[in-house]
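In this document, chain identifiers A, B, C and D correspond to the written order of the chains, with residue numbering beginning at 1 in each.
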């Protein structure tokens, strides 16, 4: 919890009202984003993302599994978030559980699309190996290392970076498997397929403070929020998911306005993130 | 529900109910523009709602809601003493819990707490309750889904606000909630279980109809802005109508008590 | 003010509700002297009881029972099982009693109520030892030859199943949810379970390609290539149905069918279960400060006999209503 | 009326298995006792009274908590039921007003189960409560009666016998108090106090008469048990003094 004096509160609120935030940003400016890929060697893909003092790590582990009967031609993705006690003393023991669960759910809603699997940010049909028999299961584990607000956006960016860092081994399926039998597979150690992340959306959280909304709020600014929405937007400007934080109600027209602002911000964020990711991968290859 | 559907409580038994019937139906939804909803409703028709307050005597307030096959009971306890471990708070606390019965779904489930719904319920109600009216104490809102027939969460939210009103908890307005499913090109309101299972996207709104404020909004799947606009309008209209039904339900109870 | 008997002085001017909360025993004493209870019942009368069969559409058998405001919802789901080695010709029954947090201010989420496992155990003891369900009837396909024909296919061995096990029996999983707890929980739970059993139908089943038992829905039954293996839906025959009555022993009074308030004030409870031919299935008195003498026990049994008749009638009516529909 | 039943171990129907009771068997507990009936043996330990009661309990009275430990495996529903029966039975013999707002824990460890486990545990915990000096109204003695198919009643059945029974009845009676005031009535109505029943738990289906018959026989035998219990408790008093 952030404990602020009345003066500090007024300072933050007044700054936002005048489009000049405490750290000299404008309302719709992100903090500098720093991406590092391949931070966990044993994972299939991983990335760390820093936005100011907020730091998160995402890792992707691919395992062979069996597709569900409802979607035999699709793989499965599971997203878990863990809040490390290093980020805040409140996360010690079971303290971070509630926040972890909330972040996991929000990420799933923003990235995995509807129940039919349509509109998923992560392309699940590319994970199918043998229809109805074998598919890749992606386990995306995220760790919050340090927190200074805007965790959801940072986690979304980290997952996007980790996925573009992910190589999925090529699989040889032995021919001649009949009927019900599970076909034998041979997993290549050398050949990897690059995971396509062009469709993965970015998540933009708009925090309402007073009459205005800001992006990339710090923890101090978040403590002054009356409400916040997180919108996930893909490259084509389409909404892939949205959740609202608790707090006060919003007028429907305000929500629609916030969505269009999020779309506007997303264009710059996607460009920024893409260049950061490719820079990070270039560094890694050196 | 919990994502761990594979682990049955009785590993040496299995349920004989047919499981792979839904596949062919889902294809019908997509390809055919003129399909009929399984229960024969129009795309923009909600299921008839049956609402009743005072379902549980032991609670301070309670409500039962039945929307088609979706049946929900919500009990409200309190305001009562907060847990000992909690810090002093000069506004009241709201504690929500949603759980399912083991027979709520066609295949017998675990009957476990639904953490995700509990947190959404909390977020949806929080903005509507005047927490300042019961400082230091806690109001507990417990929901039990007796049967899951689709649109469970919106029904739970609406039913919970009715139960809160029944318990005499002060609120700015009733919270009503409605969802739409996006199936192919169509938007269908108040989807049933089968429709939800093959939806491409969903939009759930919880709002305070008289104040025209949205307390909770969740979207999944890929949407264009005009579609969101359309879906929201659809939901808000339905919410307003549901609000009137809920209001008349409360009035009925009040007049029968006199 | 005289300190000797403060409540006596106060009671004259205190509001009834406050008096009821502060001096519950005296409050009840005053009523009992007049042979009446706070809700207007005579001591030996049970509360109004209603039954509704088929309350849960997704279950194979279900019932909603209400005794006063105590409400129980029982639902039965059938699953296929292999019989245990020691009783190879019998199906099985699993009973779970749940007290979700909605039912009472005493229950909090995450912490299951203390009473729930005890009542579960009592219910399964009662239903199994009463013999109301013939476990042999839970067989799907009768006749030995038929059994042999439906051996579980060998390919399924990877599920740690022995080939000689027969997936030919049903386990009936009874889940009872307390929706509103206002005393006499066991009585209401037993009634709802029994009613759910009388509503239960064993469906028409067939075997699919994998040798799994699958329920045929009515319209589908004729179309599919899979032959149904049993001719038609059937009900279980319930012999000697057990019914119960809980009484409170307090001083020399016996109060039938107590409310939650009565149970909390006067602690000595005694539950008698008799079946429809008046055999004793259970006489349960877990402690309590009032001792039960033979005469009191006999009075309780007599009250239960009377209650069995009432409940039998209520169950019969509920079932005939079902048939009319 | 001679209607003999042959018992596996050659006992007569009314014969109990050999009883053994020793107190103060555990060092750390405030009171403890082991009780055995034939091959069934239970050790009970009492800790307390400790300060405070659990949430939801009446703080104006002492609270009794029972923990049942099985011989092997985890505790499930049957153990929860045993705990509840024991707790309520022990609560009814303790003077709960003497130590308000305290909790006394009774822990039962099953050493061996050869039938009549619940009565054995009740007897053991009763002896342990005395050993711990917890104020009691009176002692409780528990006994189990088996009803065989012909309606005949056998006392204190062993495990093999239990499996063949039509019905099984566990009964708990207060022990007979040799009153110093013969005039003071320990009679309630026309029945002496020790005829009153503290607890009753039954399994199986029987006629009402079978039950009443068991009650009578169980009561007759309880006198023997309570004599044994009292003798056993007295014999150790001088050594403690």
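By definition in this document, a contact is a pair of C-beta atoms (placed from the backbone, for glycine too) under 8 Å apart; a residue touches a chain by one contact, two chains touch by 3 or more.
Going by UniProt, the chains are A = Ribosomal RNA-processing protein 42; B = Exoribonuclease, phosphorolytic domain 2; C = Ribosomal RNA-processing protein 43; D = Exosome complex exonuclease RRP46 homolog.
Computed from a prediction, not measured in an experiment: that's the story for all the values here.
Touching subunit C and subunit D at once is no chain at all. Without subunit B, the rest of the assembly breaks into the touching groups A | C, D. Seen from the C-alpha centroid of subunit C, the farthest chain centroid is that of A. One inter-chain figure worth recording: subunit B and subunit D are separated by 51 Å, centre to centre, where each centre is the mean of the chain's CA atoms.
Put simply, the C-alpha centre of subunit B and that of subunit C have 29 angstrom between them. Rounded to whole angstrom, the centroid-to-centroid distance between subunit A and subunit D, based on C-alpha atoms, equals 62 Å.
In subunit A, no residue touches at least two other chains. Within subunit D, contacts with two or more other chains are made by no residue at all. Judged by the touch criterion defined above, the protein chains link up one after another in an open path, with no loop closing it. Contacting chain pairs (ordered by label): A-B, B-C, C-D. By the touch criterion given at the top, residues 69-70, 78, 98, 101-102, 105, 109, 112-116, 118-119, 227, 229, 234, 238-252, 255-256, 259-260, 263 of subunit A touch subunit B in their complex. Residue ranges on subunit B touching subunit C, taken from their complex, read 10, 12-18, 55-59, 62, 69, 73-75, 77, 80, 97, 99, 101-106, 108, 111, 113, 140, 142-144, 146-148. Residues 56, 76-78, 80-81, 84-85, 87-92, 167, 169, 172, 174, 188-189, 191, 193, 195-208, 210-212, 215 of subunit D touch subunit C in their complex.
Chain contact summary for the complex, subunit B toward subunit A: residues 3, 19-20, 22-23, 26, 115-116, 119, 122-123, 126-128, 182, 196-202, 207-208, 211-225, 228-229, 232, 236.
Note for the complex: subunit C touches subunit D at residues 106, 114-115, 117-118, 120-122, 125, 129-131, 240, 252, 267-268, 270, 275, 278-289, 291-295, 297-298, 301.
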